[in-house]
Structures are given as C-alpha cells and as structure tokens.
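Shared between the two complexes below is chain A, which has chain B as its partner in the first and chain C in the second.
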Partner chain A sequence: MSFAIATTLDQALAAIADGARPIAGGSDLVVGARHGKAPLPESLVAIDRIAELAEIKAGGDVTRIGAVVNHARLMTDPTVVGNYTALADAAALVGSPATRNVGTLGGNIMNGSPAMDTGAPLVVMGAQVELQSTGGTRTLSIAHLWDAPGSNTAAAGELCTAVLLPPPGDRCGSAYVRLEYRRAMEIAVVGAAAAVVLDEAGAIVNARVALAAVAPTIIEVDGIEDLVAGRALDDDGRAAVADAASSQASPISDMRASDAYRRHTVGVMARRALDAAVRRALGEEIAVPVNRALGIGAA
Partner chain B sequence: MTPPVSTPVLSEPIDPAALPRFDRADGPDKVTGSGRYTADLTLTGMLHAAFVYAEHSHARLLSVDTSVARSMPGVMSVLTADDVPDVRYTHGTADRRLFAKDAVRYDGDVVAAVAATTLEKARAAADAVVVEYEPLPTVTDLEAALADGSPLVHPEWQSYDAADGVERSGNVASFSSIAKGDAHAAMADAEHVVSGRYVADASHATPIEPRGVVAQWEGGKVTIWSSTQVPFAARAGVCQTLELPTNKVRVIVPHLGGGFGGKCGFHYEAHVAALAQAAGRPVRLVFTRREEFLAPDRRREGMIVDLTTGLRSDGTIVARTAKVLLDGGAYMADGEFFPQMAAMHVAGPYKMDHCHIEASLVYTNRQPSGSVRAPTAPQGCWAVETHTDELAAALDMDPVAFRKLNAVDEGDEGCVGQIYNKIGLQDCIDAAVAAVTPEGDLGEHESIGVAIGWWPSFPGASGAIVRLDDDGQGQIVTGAQENGTGSVMTLRQLAADELGLAPQDFQIVYQDTAAAPFDGGSSGSQTLINNGRAVVAAAGRVADQLKELAAAELEASVDDIVLADGAAHVAGTPTKSVTIAELAAAAGGGALLVASGSEDPPEYPELDTEGGRIACIGDQGVAGWAGPQFSCHAVHVRVDPDTGVVRVLNIGAAHDSGTIINPLAALGQIEGGIMMGIGQALTEITHYDEAGNQLNAGLLEYKLQTAADTPNVKVVFIEPGADGVGPRGAKGLAEAPNVATAAAINNAITKVIGTPVRSLPMTAERVWAASMGVDEGSQP
Partner chain C sequence: MTIDMNNASAVTLRVNGTDYPMLLETERNLLGAIRDEVGLTGTKEGCDDCECGACMVLVDGQPVNSCSYLAVQAQGREITTIEGLADGQQLSELQAAILEAGGVQCGFCTPGMLMSATALLDRNPSPTREEIKVGLGGNLCRCTGYGRILDAVERAVTIR
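Let's turn to the complex of A and B:
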C-alpha cells in the first residue's frame, strides 16, 4: 500500500491518473474501512495540503469554494453564512467539532452518501461541481454528480477541485434542516434544504427544495414553484410543500427509521426549511444552524 | 476524629462551586493521558489474542478444525474446549464453559481462541479455524419461550449446578414471586382497576474503554491485568475454570475506563491465561467496539411488564398483580436475583396490603444480560411509574399528590412486609418537583413529569490495610476497585479524618488481589459503604496506636489524646502536642503503625414471612433491603409533536442515599446516572435480527447521549439521618440515580401527546407513533 502527500494540484492529478485514490479528511474513507465497508485503497494521495483547494473566492459571476474547505470553516465563513446560509446550516450539523475540522466539502459530496448534509443545500442553490484530471477540467450540475448510494459520476482520474455557486442576489434566503435524535455525532435521519427568492412585496419568485436520506441520492422536489410562487408563503403553501416532499420521497426502512416515518418527517423538514428560508429572505436573522436556532430535530 | 472541613448545604439545589474540593488521586493521570489502561500494557514477547465467535445464534457444534490455524506463521497457541478443563461456571447457574463445547447459543459465544505474534496474524488464524454447525431453532420471543414445546436454549438445564433457591424450569433460568395478602380477592373488591403492558428493549452498559486482558505466567503463577470491575470475582472464575488455588492467580486492574456494570463478573481472564500458558508467552486481548457490544453480561435485560392495580376512590392502592418477563439471554451470569429485583421495582416504593408479582428470567438465544447499573430498576421503574400516572389519571388525581399519598414513609410497610425506618422519600418528592418548577408558564409542547424510585444498599465483606510509614505519610492498601465513581478515591478522606491527617497524605494501593484483602468490587454501589467501613476500622486502629505513642510522649492519658492537623495533642491543651511525623519516625524503629480492618457487615432485615401472609418463591435475598435508598426525578421536557423528538430541558433529582460523605463525587454520580437514564429513555435501542443476532453492535447506530444533549440538572440530597449501613450513616449511591429518569420522561411526554409510550426506549418514531394512536408495545 502506498500513501503520498500532494502539495500541488499537479502532483495530485498525476497520482490520481496513476490510480491513487484522493483522501481529504479521511473521515469517510478511513472510518468506513475500519467499519469493514471497503478495505483501504492500495494507493492513496492526500489532497488536504493543497493550498489552492482550500480557498473560498467570492465576487464576479461565480463563488468558488475549494474542495478541501472543511465544515468548521463553512459554518463560520462570512461569504457562506451570509449568502449560502443553507450550506453553513449543513456544515454546522456535521458530526462533532473534531469531525468538522477534518471533514471537507469535497469529501462530503464525492462520498455520495444519500444522507450527506451539504448535498441538498448545494442542489437548491444551483451548484456546479468542478472536476479536473490531467486531461482537463469540466463542470457539471451537482444534481448530475450522484447516481447511486455511495457513488458518483466522476471518471477515473478526476478530482473534484471546487464547488461553484451562482453569485448572491437580493431577497434570497436558504436553509437546511435535518431530523436528528441527538444534538451531536448524528446522521441525518432525513433532511431538507430550501432556497427562495422573493420580490419586493415578499411574494415568492423562485423556490427550490431538495431532500436528503429519502432516496438513493439527494433528490430535488419537483413542482415547488407551482405550489408556492406568486404569493407570500402561507399555510396552504407550507402544507403543499410538505405533501410534495413526502410523496416524492422513496425512503427505505432501516435501524434509524421506518419508511413511513421518514416519509412523514421529510415533509415536516421540507416545510420547516422553506419557512426558515423565507424568513431569512425577509431579513430575519436566524442563526446557523437552523436546527439549534429553531429547535428542529433534537430541538 | 476531625469533622469534615465544611458542611455544605445539600438539602437545596446544589451549587457545585460551593462544595468542598475533592482532589482525586487518579485525576491527573486520567486527564493528562499519563495513566495506563490495560490496552496500554506491553510485555516482552507479548502475543495478541483473537477469538473465533459463533456463526449461528443457536447451533449444535459438530466439529472445530484448528489444524490450518495452528500451522500459520506467527501462531503460538490455538485453544478450544478440548484444551481447557471441562468446567461449567457462573454465579447463579453453572450453564457456560470458557469455550462452546456441544452447542453455541448466541452470537458472542467463543468457539476458539488464538494467540499470535501480531494482531493481524491472530485474526487471520481465527478466520482460518473451520467450524461445522448444525443450526437449531432459535428462541427470541419471551412469551413463546415459555410455551409448551418451545425449543430449549439449555436442554440439559437440570444437570447444571445452581445456587440455593434458584427456581428453574425449561427456558426459565430463574423465577421469583412476591405474594402478600390475597391480591386476587382484593382486586375483585377494588373500586377502580387499571391494567397496562410496558415493554422495554435491551440496552448496553457501553463503557468507553473496551475490555482488555493481559496474562503472564511465571513460576507456576499467573498475573492477569484486566479491565474488570470485580478483580476478586475474576480471580475466582480463573481459579474455578483453570483449576488453580487462589494464591497462584493475581489479578491487577490498571486504570479502568468505565464499567457501568458491564465489567462485572468473570469473563475473559481465563481464556487469556490459558492462551499464555499454552504459548509460554504473555498474551494481550483488547476488544473491538463490536466485541464489546457482544460480550456477555454487558446488556441491560429487555423486559415485558404486565401490571394491574386496584384502587379505592380515595386514591389508595389496595392491590397489585404483575407478571414480568426478563430477557436473560443465552447464559444467566449473575442474573439469578433479577426476577426478585424486578418484582420489587414493579411493586415500587408504595404501601399496599395485597400484591402478587411473578417474574421470570428467560433464556433466549441472545447476548446474556448482566448487572448493568441498577439491574432491572430503570425498566421496572419506567413501567410502574408510567402505570402510576395512569392510576392517578383514572381517579383524576394529581400524579404528585397520588404518589405522596401512597409512597412509603417512616413506619409504613411496603410490598414485602418491610417496615421502613426514617426515610426521605416524601421530602425527595417535594424537593425534586420544586427544583424543576419554573417561575412562569411552561413553553409550548413542554411539560413536567415525575417519578419515584428505590434501590437497596448491599452490605458485604470487605477489607483494607492502613499504615503510616516513618515519615508520617500513609498508604491505604485496599481490595476495592475504582471504576470512575471516585469511591476508592474518597477512602483517603475517611482515613485522613480518622488520623488527623489530610487526604493528600495518603497513597492508595488498589486493584491488586495479591496485595489487598477481599472486596466485592465496583458493583452494587458497595465500595464506600463496605470498604469505607474497613478503612475506618483500620485507620481507627492506627489512630489508637498513635494515641498510645503520643500519650507516652506527652505524659497524658490515652483518652485525652486528639489527632488533628497532622499532630497529636492533649484535649484542651493544643500546645501540648507532637507531630504525627515524629510519632511515625519513632514507631518506624519498633512496632510499626499498621492495621487491617474489615468488620462484620450490617445485617439485612428479616422479613416477616410467618403464617404465609408474605411469601417469596425463589427468594434471592433482595426483597428485604438494608439501607434502602429513595429518589424522585422531575423532568421538564419539550416534545416536537410533528416528529416525536423529545428534548430534556431540566431535571430536578432528589435522593435519599443516606449521609453524603463526598458531595462533589456524589453529584457527579447523580448527573452521570441521569445522562445514562436519558439515553435509555430516548435513544439507546438494541436491534436484533430474527435469530437474535445484534444488528447495531457499534456506536454509529447505538446512540448514546452526548455532552450536547445534557440538560440542566439540579440535585438535592435528603439526609434523613437513620438507616444508613456505611460510615457516618452512608447508604449506597451510584446506581440509585439510574432508576427514575426514563419513567419521569414518559410521564412528561404523556402530558404533551396525551398518551404514554409503551415501549422503551421512547424513540422519536415511537413517540410519534404513540401520538398517532399506533403504539408498538412490541416485544424486545
């Protein structure tokens, strides 16, 4: 078995072209190996010391978050907290302080767990993923990154170098909430993210909702705009979004929850995420993460 | 004797900052990481052990082929049942062997063990052991297990030796009943009758340190380092199974990383000793987290409780009947007393003239249950105290008033005919409720639930040696075992007070069966009451020796000598004094300052079983309680009605555990017990497949509470000043806080969702289901 530490992107891409597996924080890869999920790969290249992958760059027509930015930074970075708040909500819920200090955004999305916390926020905010290999760079919509639980569509030799987000607009708000049974070291039982754009009167112009842990991958709820656009968020809208989320979910039963309970609670989470996103868009300060501020999940 | 430095107020919610400081002798080691735990030990030439576990939860063992494993490089010994004496052991019933012989009965049964030069080689060799099984039908349903024609977990149970009074039959490993008066007739006459079923799942002790054992032979004697709570019981097990006298087996416990009862009993010490003997090299075994979850006697038993209570319209209880089934798992361990203890908890600390409670510990093809902190109590209390709120509701009575009316007090007779001395239960109820009642209104979806509980103290044999060396510094050599509670650390305070010295003047030599006299170990909340008695006696004898020396030196009468502040002085004349260091220096050249203590433990109360008014079948001696402890927990929760998630916000906990010798350590025990109780109440669920194999044997899916979940806890100690069984009127302490929390939480949840939850733990999904009118009450 071999382990190399890359300090430049080129070194990393060369190692990956040779068949090495990237490792960032290792909090999925190593922990999974210890739990017998899959043995450690024969060849590993550490990417967490590549400075250019650790940058958050805002301004211009895209906000760029490097793949090895960790959750501790995401939950406190002013750009993320101010403009992509749902992502900060999600990062703030990950594991424990130790997990958030080692776990990275790239690792979270590339690991491809349907229960990942940052996935649903990225979907509703229209994120693109930047993939690089020795052959070049491409971007794809994050929704196309996942094809099955624990799997992604990147080609062999491709490294995720950044997540790209559209620039912030006016009267935008987003939020991510998850159902959890305890307040630390938890995995989303179900989760939901919402992002909205309001008009000057507070009516919804644009709304998206995505769900975690209720399907083989993160899924976006179809038809949200038909349910809520054109008016301020009201009880009918909330109920309709909850129903849509519940009915589009295809959850499994496992030790954490039954399918029926997941189906019900993901509707509750969708409703609460949308509600918090709208309140934020209206200028209300709801501290990150919404789960703690509003007492959702293990309140 | 010097009185304690200050007398803090314990009868009002305690401010920890106002408590006297407690310098734990083991603290710096543990917090800086310099302390050594069993897994940290390395000996020259040491090998690593790995076990071969059963591949079926119930199967006949047809053959075990170790030939490939034995020939693998680095493998130094491989053992099966054929390689050790054919001895059946444990406490209540001798129903198990070190290695499975004819059958395997649960997923953690050990079939073979390997020692090799590296852990990887040991594991590879363990994987190479070929075992042939013939699967047998499994027993996992407690009610079906009792039906005629059920497969038996132990078809040959009748041939096993059993302890006195253990009532057995078929899959019933131990049966007990408590009967008083004529419960059935009284029930027929009752004005109101309320029945309910309450089903508790198994939970786990989950110490953070997984079990480790290191064994080394020298000169026909074996030294075993083990992370056990009960070194003397571990030694007894090694002696029994390997057929050795006690003085050839030395068990030493390095620092212990928690136990919570999960490290009680004898377990793997003999396996590792036998491996080391066969290999001629020291051997170390360290469990993975999964193994820690599978190990026997780590599990708090699942329970089905069917309760019926008859009431008068004035709110008094006239009769109670109950049937309790406990999931004992594949082997009975120390569980012979569980049915009687469960019966006591299901009766509860209430006055009643008529009761009939039957309880059975049932063999199943699951992990054996064992004494986890207050065995049977949290589940039994959860059942009976949930039921108690239902009783109050049936009469439209306030549940707190109902408890105050029916709870035992001084001079009252409880379910088994014991008349209680001065006790603090009524005060506990008032204090706990007051501690948690807010000034204003409760928030939306919030409520307060209340439950009371009880737990005995366990007087028992225990010994210690106290000595002062020639510089006046002390050593306490004790058989007692420190599992984190601080009770062994508190022994310094007791010795110091006897001798007029400071706790820091003493070192403790502990956790070594060859160095110190017997102690029952860190089990049954017994350390301070029993070993404290021994230390006080031993230190008192050294004090007498010092006083004789001082009397001669100061030309005074022995009776006038006072030991205080590191010196001996003549009463009334503090200037006429000599330091203890000077006396010790003098003694160092002659009769040394050394004494041992043990003393007879206090007696257990005799129950009045004359004339058949009270009858206990399967009496295991846990119905008449010495030093009974009482508690009330009042819990303020918020329920998310849309998801069933329950958050505990505040807890008021009031305890009568007799005189509190070390308030800061006692407070820590109450807080820790409550956190364990919240986990059992809300998140700690054990999943099994249909054959009884554990599905969530790890900390990812077995959800303990975390620091972030901790509520505000206000603790009050009620010290009624009678009925203690330990030094200064102390009772046991460390198990009592793990009794009433889950029950109080259910009573709070009930107020929010309108119905109790009938399955424990009350997971979010179960709370939600109950609120929707779908309740599981399903079998553990």
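Let's turn to the complex of A and C:
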C-alpha cells in the first residue's frame, strides 16, 4: 500500500493518473474500510493540502468552491450563507463538528450517496462540477455526475477539483430541509431543496426542487415551474409541489423508513423547503440551518 | 513536496508539542498511533465508526475522530490530546469545570467531550446552551444524561 501527500494539483493529477485514489478527510473512505465495506485502495494520494482546492472565489460570471472546502466552512462562509443558502443549510446538518471539519464538498458529491445533504441544493442552484485529469479539464451539470447509489460518472484519472455556481441574482432564495430522527450524526431520512427567483411584485419567476434519499440518486422534480410560476406562492402551489415531489419519488424501505413513509414525508419537506426559499427571497432572515430555525426534524 | 511511503514507513507525529518519530503502515488510524506508538491512552476507542466521539482529538485545533483518520495524514500537523489540556498539575478551565459540575461518571466519554468542548470555546468563547449542544453533537455519554456536562461547559464560560 502506498501513500503520498500532494501539495500541488499537478502532483495529485499525476498520482491519480497512475492509479492512486484521492483522499481528503477520509470520512467516507476510512470509515468504509474500518467497517469492512471496502478495503482501502492500494494507492492513496492526500489532496487536503492543495491550497487552490480549498478556495472559495466569488465575483464575475461564476462562483467557484474548491473541492476540499469542508462543511464547517460552507455553513459559515459569507458568500455561501448569503447567496447559496441551501448549501449552507445542508452543510450545517452533516454529522458533527468533527465530521464537518474533515468532510469536504468534493468528497460528499463524489461519494454519490442518494442521501447526501449537499447534492439537492447544488442541483436546484444549477451547479456544474469541474473534473480535471492530466489530459485536461471538463465540466458537467451536477445532475449528470451520479448514475447509481454510491457511484459517479467521472472517468478513471479524473479528480473533482471544484463546484461552479452561477452568480447570485436579485430576489433569489434557497433552502434545504430534511427529515431526521436526531440532530447529530444523522443521515437524511428524506431531504428536499428549493431555489426560487421572484419578480419585484413577489411572484415566482423561476423555481426548482430536488429530493434526497427517495431515489437511486438525487433527483430533480419535473414541472415545478408549471405549478407555481407567475404568482406569489399560495396554498394551491404548496400542495401541488408536495404532490409532485411525492409522486416522482421512488423510495426504498430500509431500517430508517418505509417507502410509503418516505414518499409522504418528502412531499412535506419539498413544501417546507419551497416555503423557506420564497421567504428568504422576500428578504426574511431565516438562520442556517432551516431545520433548526423553523423547528423541522428532530426536536 | 511529495512523501512516498510503502507499508511501514518512518513518520513523525507532533502530539501536544512533542515530536514522536515512529513506523506506521498507511492503514493505521491516528487513534492507534496515539495510544500504541506515542503511549498516551487518555484518548479512547468507543465505536471505531466515527459515531461516539470517545476518540476525539484536535488536529490543527479542529476536532477529528481519530478512529477514522489515517495517522499518516496527520504528519506536519499539531495534534492535541486530552493529556495536552492541563499545564503541569494545573487543569484547564474545562477540566476543572467538569469536575466541579459532576459531569463525570464512568469517565470513558470525558476526554472526547473535553476535546470537543475545547475546540468549541476556541471558536466561540461564549456559546449559548444550544450552541454547546451543537458543539458536543458528536459525543455520546451513556451515564450522565448530558445535563451536567453541558453545565460544566457553561461553568467554564462564566469563570473565564
């Protein structure tokens, strides 16, 4: 077994081209290995000391979040909290202070869990994922990153180097909420993210909703705009969004919830996420994470 | 700089301000290196699954579950364990406060609780009770019911 510490991106990409697996905090890789889920790879390259992967750069036509930015930073960074609030909501719900300190955004999305908290927010905010290899750089829509539970579409030799988000606009709001049984060290039973853009009168111009832990991957709910656009959010709109989320979910039953329970509750979470996103877009301050601010989830 | 190592390799870990050279396999966890190579046994193994927080240490001042963190990744970082909190015989404010508040029963979770609480107070010197609960969210106690542990952190805040 070999282990190398890369301090530049070129060193990391060269090691990955030679077959090494990247490790940042190790919160999936090491826990999985100790659990007997998957042995540690034969060759590892540590990427957590590469300065350019730890940057959050805003301004211009894209906001760039480096792949090894950890959840503790996402939940407090002014750019993320101010403009990409659903992502801060999600990061604040992950694990514990220790988990949020070692776990990175790149690790969370590349791990590909359908129950990941950061995925649904990134989908509704139109995130692109940057993948680099010794052969070059490509970006893809984050919805195309996942193909099955615990799986991603990156090619061998490719490293996730950043998540790219469109610049913030006026009267935008977003939120992520989840059903949980306890407040710490929890995985979403189901989760939902919403992002909206309003016009000056408060009518919805644009709305997106995505769901966690109700399908083999994070999924976006189709047809949301047809249900709510052109008017202020009202009870008919809320109910229609909840129904659409529940009907498009394809959940499994497992130790945490039955499929029927997940199908019902993901509609409730979608409605609450949309509600919080609209309230934020209207200028209301709802603290991160929404689960705590509005008393959603574990008491 | 790239450090290449195969199987057991020479590594130096800096624990509580002292450098400890040792031979480590890549898969060794930081908890094992601290307990078995450095010989400091205040850090405990509970679940070995990143759930209970008994193994909590600080790496560059931030809390880390040492059971699920590769020891080789801690090279060049400052590791702080429960043995690093006291100054000689002088307990840290948090250590004194948890004794005074009766926040210890069997004691197994105590080192991890104190490391999480230390990190919390470093980043937020006057947390609310709610913020203390969030700060200790990754630490389980099966004896005290948590109330007196939370009291202890509040006590350490007020005597500062």
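Methods note: the second predicted complex is superposed on the first by the 298 of 299 C-alpha atoms of A that agree within 3 Å, B and C clash if a C-alpha of one lies under 4 Å from a C-alpha of the other, contacts with A are read in each partner's own complex, and residues count from 1 in each chain.
Following the convention adopted for this analysis, a residue touches a chain if its C-beta (ideal position, glycine included) is under 8 Å from a C-beta of that chain, and two chains touch if they have at least 3 such contacts.
For clarity, every value in this text was computed on a predicted model and none was experimentally measured.
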Contacts of A:295 with chain B and chain C, given as first, second, both or neither: first
First, second, both or neither for A:161, with chain B first and chain C second: neither
Contacts of A:35 with chain B and chain C, given as first, second, both or neither: both
Chain B versus chain C as contact partner of A:184, first or second or both or neither: both
Which superposed partner A:6 touches (first chain B, second chain C, both, neither): second
First (chain B), second (chain C), both or neither touched by A:265: first
Partner chain(s) touched by A:255 [first = chain B, second = chain C, both, neither]: first
Touched chain A residues, chain B compared with chain C: C
Which superposed partner A:101 touches (first chain B, second chain C, both, neither): second
Overlapping contact positions on chain A, where the chain C interface meets the chain B interface: 35, 96, 183-185
Chain B-touching residues of chain A, taken from the complex the two chains share: 35, 96, 179-187, 189, 255-258, 261, 264-265, 268, 295-299
Interface residues, chain C side, partner chain A - complex: 1-7, 9, 25-27, 29, 48-51, 53, 56, 62-65, 67-70, 72-73, 75, 116, 119-120, 133-135, 137-139
Interfacial residue positions of chain A with respect to chain C in the complex: 1-7, 11, 15, 23, 25-27, 30-31, 33-35, 40, 44, 46, 48, 72, 95-99, 101-102, 183-185
Sites on chain B touched by chain A in the complex: 638, 640, 642-643, 645, 647, 682-683, 685, 687, 695-696, 698, 700-701, 703, 705-709, 763-765, 768-769
